[in-house]
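Next, two complexes with chain A in common: one pairs it with chain B, the other with chain C.
Moving on to the complex of A and B:
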């Protein structure tokens, strides 16, 4: 009668047994759901949405998002790459709206902005989601999740934002930690509300965005920190999931629009630390963004999915710093490692240390009306 | 008869090679796939399943026993070193970017596909020796079972206590090969004997090249981890593997422990070391004596403070040797400073033995509680031991990453450990400096206060500025961490991490899952949701099956109830062993030799139980029933050992209890094997099947206890759940009508 008896199964019995086993196995997920073992978390109270203007309808109730170069085509109820956009009944809605998961008061140096009102504090906001999926993301807990599934999210509209700025006596509204591109609509709304009242708006972004929404974004901000993550298409594809070209085009556009720009390059050992790549990046930088645009080299720490990679060696950062200087870039910094001489701002003409920093703190600022206190050289930036 | 007796070595070598393969493969899995109890549990379940399949299939397939044995041994032994190497380089097949950890699901798939054939052959070997024995009429099948268990016992003890200290994995593989070919030479005759002799010679030849092969294989392994790393030095110890590697075009030297990045040399990383040292030391207003559990690299910066003494504890003596070999300059000199005492000991045992009220700061740099072995430095019992050795106002500092605005997985893990700390200490703080502090006095972490403490000690470090306290104890970030913990605390149940209920392990594993891949999300969801009620439903289902069979089927063969009894006993044996291992890991830690001793005790019991059942001629259902009743009594014993140990603090008594319990469990399983076999008339086919069913029961035990319940529910719930399952199985076995 079976495997464990000396009487063998006949063909019919064998097929029967196989079918029974098949039914049992295929009903397992259902059984698990019935037993309450497979459940998805949801925070319905955090669902805030608005229509995405940068989109177009397609056939069969599909819709295409036109915000970033992924140009996601979404079926009904489908979410975009960035976790924030969803096709609801043939229309594209963003769920990154009024629901920041981070509300923080930070030094502006944390962006990092070294040439923009040094020593100021920002009200920094971030909503869950990101269109890139960097393997080393420092804020993976927020950036790689849907905004409406984050427990720490809170409701915050424009009036509440303004009152927070007033209450904490802050002059700068910043969007950092996660990707501002995916909360474009919210940034524009807040910016239109707070900028006329004298507040500045700055963003820290990977700038993976299409030309038209970029124009709208730049119109809404005063300063931009761009994470130029590497200088090869291969790196972008492998580590971020995106491509390099739109980022470079975007950087040129930021410069053309005359927005305050600083660029950060996180040096990841064995990925983007080749000297020839850094050299090429610096040459492109000088040619397209100018020698006066500040460039930061940041140190990699084992993070998110790249836990098994060593920290960036000090020597690598110092070599990159020297190469950038040799290429003619005037303001080059090393971040995420202090106290180091390359944390400070020096006069490009007389080499006097003008702003001394330790970590996120300004120890000394000897700039006088944006000029070197020793030789009078004008230092580019927003100083008051 | 002399020739027959020589065949004993063959039966012995089947157990010997199976145990050797198990030790080698699981050590490799540990090194290559960030081994933790969950991955071990899953892999071990699959291992047992393949073993059972091999035994079952070869009990049915018709073969020429001696030829099959020769062929199976040859394939197995040739594949063992290859398998070791393939496991080492399997990262390169995963197509994962360098630096990324292998997700659990992927690791299990790779491991199973590589190891499966090897284990299948081990199972097949058991059935084949039974057939060989039948043909040659040497000894009863139970004796083979006993000899196999003794082979297992011998290999386990030899490798745990002797070989693992001196030999690499290729040398161990070749020694196993040598033993097996030697037994073939003794047992076989004719051409096969001659071939075995030449293979034995070839194995001896290979042994000469084992060190070179090991080195090449290790280099290939690190190329698989990251093709740009250059391996400078590597050392194996009973606690794991320490490798020193270098990045290209860099002076930085990095330490990898068990395949995981651990730290970079302080000469090239002075800033980080300085931050770690000075953030730690400023948490106490005036530290004089401190105890460092791990992280020897920060000593040079710590010595800049006016301290009386620094005691350090490192588990692995080889690690200290590696430090001394590779550190230079002031880092090396710091280790020889008269104020520094370097101790090699188990950190938990060191703390337990330290005098009360001894230290101002105890700093633990234990790895994340991803395993039971590291979790034992995060439990309530350990924290209480630490509190005892702190002076009044003393601070306990844990290195634990908490980020502002952290989301569910990280906050849940942190909350679990914070709640546990709160049970012991009056004040706790998780800081943005990746340090969690606990004390009975208020913990001050305001940057100004910390900077003042630093300045008042006249510390002069080239790599630290007190202004950095503003960055590392940023009040805004601190506020956000506190807020995240407050918000989650409202929803989270108060989970306390204890030795007998290691809940932090699963919480850390879930965090690790997010860090490695989303592929494992469902697996962890299922794991985290399994409750005792589900086991109770399973038990009721089993009972219903028994009732239905009783009512519907007119005649069911007696073998059914015997096989169910054997299955039950297999389940018991594995569940009991895993619970005993939990107690060992929670109290003694990563002591491989003791794991070997426990495994040896179980095998000894197995052989002894079978021998006694053979001597007493147990061959009816009655002794089988008594043995099964004994098993459901023994399943509760582990519950009492831990509380008794914490009460009496007698480590040796606890170890003896564990050894005794393992021996008794093994004894029950061995006796059930023999009794079941006797009821089934002692045929070799039945011997194979009983062996396979026993393994299937063990698989079930491994899944229920090792993969699901133990880590999430703790030892008490686990024992009760297993009791329910065992009872259901036993009732089911006796509900079935018995018609022979």
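Moving on to the complex of A and C:
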């Protein structure tokens, strides 16, 4: 035991103790508000809006959104169920435009992308809103809100975005945490500007989207992480509010368009952990997406409306991992549980561990120009 | 390096005292109160070590095979030490008698040649035992070191003994999760930035935050008045830097700012220094050995301790078996 081990304190407590003072988030703002020091900022006034091309006018000034399978029909001043679109004077506008509530610099592994420039960092942006309403959403404070209700972190138009990428010397622009599908128009605008300059664009999405907008989205991105949330219509309906079929169709489309694809399945105890469903999912996966597409099984953490459930047991994740391998999927990962051997990338031919990870951190990368350093087997992915 | 030897001998004594029934220990009629408290403190320390060990293995996701292997190494280590129990016990007894005689002699200010030689001999016997234990630790440490994966070793290297597991073990940052490390601190800085148009109010809040932080650190790391001034200035400058940034720059650099805020604190600096000292210590011990063994020290510290390791791993392995026999359907309910 060392000098400071006895001090009953860790970093978090250190921060808390400091914050108990002048910076307290809970009590002080309220007190200052009462004193008239703080005013509620009018975020809505700062927000720009943009016409939604994937829409059509209907009678009586109604308008239909055609972005996702919900195909919302909206009366004047009505909002879409994804919180971002509104019928203003008979036209469909998106309020998810230039106004991210999240701007952060993250490891690409946090997407999670394991076969895409490992160890790189991304400029990650997110605007409030989502077309699905998953009971376990870990970013519900942002995803289940109107974008103009949330504080804008900073205005991000194409110039600001490029400047941020340059300042932090980042190569990848990412859209994650909420749902890229609901900020499609903005993504396309930024992407058209930065991709010709050599930057990559990646998204983390539930892929609940109609075919035509999906084509437009895929044209704008280089890599896609898809949360395949379960493998039954019942699960999708009960937990996400959506349906499974459009997601599966979308996945096939991503593959057809030859975009880099990784798939994440969050394993929720008692909801989607049935072995027969996982097996069916893996069989469909190999047949439709190929054995070389990476598949991640992610550990569920009690969250949002599913706080009554336990975390996913290690054994469940290991069983799912084994089933996927048995189905022939070559790159299967376990996420949100580290350290674990299934955090690492192995050569499918000689089984050498090629990229060793602990959590989101790369410990060692022995890939040589995308090939196994031991047997020379080519490993699918974007490596430089 | 006498201090190492004394430490390992003490370790050995612990193995004996917890591992064996010591019926022959003399019982004093009335205990010295201070001695009694020391004993209670030692007991407390033992419990802390045990708690800390459980936190560590919870964070490592050890496989059944790894647990069995660690258990096996500990049992072999124990057996090898216990094989010499009678002989060592006799040696400890003789040394104790010899040292007690020596105390009486030096109290009188005498240094007789014969007794001095006897005492030196007894002392060197103790040193030899210490070296022997060290060699065992080296040998079994090498075995143990091979049990862990590189990722597990990275966790062991970062681990600090704890009663409540730290954030990174308890609730690590997840994929697809928006918030990163230090969200409270970043929100605090955001709040101060929101007062940018109100310099007077902002100053009050900044000074209050600076004072609290310095007061807190002073309690923790006993800062001198001069150090307090320096620390206050450092924190003030950091907050001001955060306030002067544009919205985008703040968002791009918030994690770095938070890290600077924390890692620059006196408390964190001292902790870092402590870790460096530990590293230097292990370097000294391992000079000439292959690089990998640097980790073995920490592995030995946490995992070569039969008194703590054996019962805990036996229990875990037992529950592995139970789970297996109670069927897979229950697995979904386990936490």
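Side notes on the structure shown:
The rule we apply is simple: the second predicted complex is superposed on the first by the 340 of 384 C-alpha atoms of A that agree within 3 Å, B and C clash if a C-alpha of one lies under 4 Å from a C-alpha of the other, contacts with A are read in each partner's own complex, and residues count from 1 in each chain.
The rule is short, and it goes like this: a contact is a pair of C-beta atoms (placed from the backbone, for glycine too) under 8 Å apart; a residue touches a chain by one contact, two chains touch by 3 or more.
Just so you know, these numbers come straight off a predicted model, no measurement behind them.
In the superposition on chain A, contact is made by A:315 with both chain B and chain C. By the touch criterion stated above, A:135 is placed in contact with chain B alone, chain C being left untouched. Touch criterion met: A:106 reaches chain B and chain C at once. Once the two complexes are laid over each other on the shared chain, residue contacts for A:374 go to neither chain B nor chain C. By the touch criterion defined above, A:150 lies against chain B but remains apart from chain C after alignment on the C-alpha atoms of chain A. By the touch criterion defined above, A:269 lies against chain B and chain C together after alignment on the C-alpha atoms of chain A. Of the two partner chains placed by superposition, A:232 touches none, neither chain B nor chain C. The wider contact with chain A, measured as residues touched, comes from C rather than the other of chain B and chain C.
Once the two complexes are overlaid on the shared chain, A:160 sits against chain C while remaining clear of chain B. Judged by the touch definition given at the top, the superposed model places A:64 against neither chain B nor chain C. Under the contact criterion defined above, the residues of chain A that touch both chain B in one complex and chain C in the other are 1, 3-5, 32, 37-38, 102, 104-106, 126, 139, 142, 177, 269-270, 310-311, 313-316, 337-340, 358-361, 363. On chain C, the positions that touch chain A within their shared complex are 45, 48-49, 60-61, 149-152, 154-155, 160-164, 166-167, 171-178, 180, 182, 184-185, 187-189, 191-192, 194-195, 198, 201, 204-213, 216, 220, 246-252, 254-255, 262, 265, 267-268, 270-271, 274, 278, 323, 328, 331-335. Only residues 56, 97-101, 225-226, 228-229, 247-252, 254, 259-261, 264, 268-272, 403-410, 463-465, 467-468, 470-472, 474, 476-477, 480, 484, 487-488, 491, 514-517, 522, 525-526, 529-530, 534, 537, 556-557, 559-560, 563, 689, 693 of chain B touch chain A when the two sit together in their complex.
Of all the residues in chain A, the ones that touch chain C in their complex are 1-5, 7-12, 14-25, 28-29, 32, 37-38, 102-106, 109-112, 123, 126, 138-139, 142, 153-156, 160, 163-164, 167-168, 176-177, 204, 227, 264, 269-270, 273, 296, 298-299, 301, 310-311, 313-316, 319, 335-341, 343-344, 356-361, 363-364. Interface residues of chain A, counted against chain B in their complex, comprise 1, 3-5, 32, 35-39, 41, 101-102, 104-106, 126, 135, 139-142, 145, 150-152, 177, 238-239, 269-271, 275, 302, 304-311, 313-316, 337-340, 358-361, 363.
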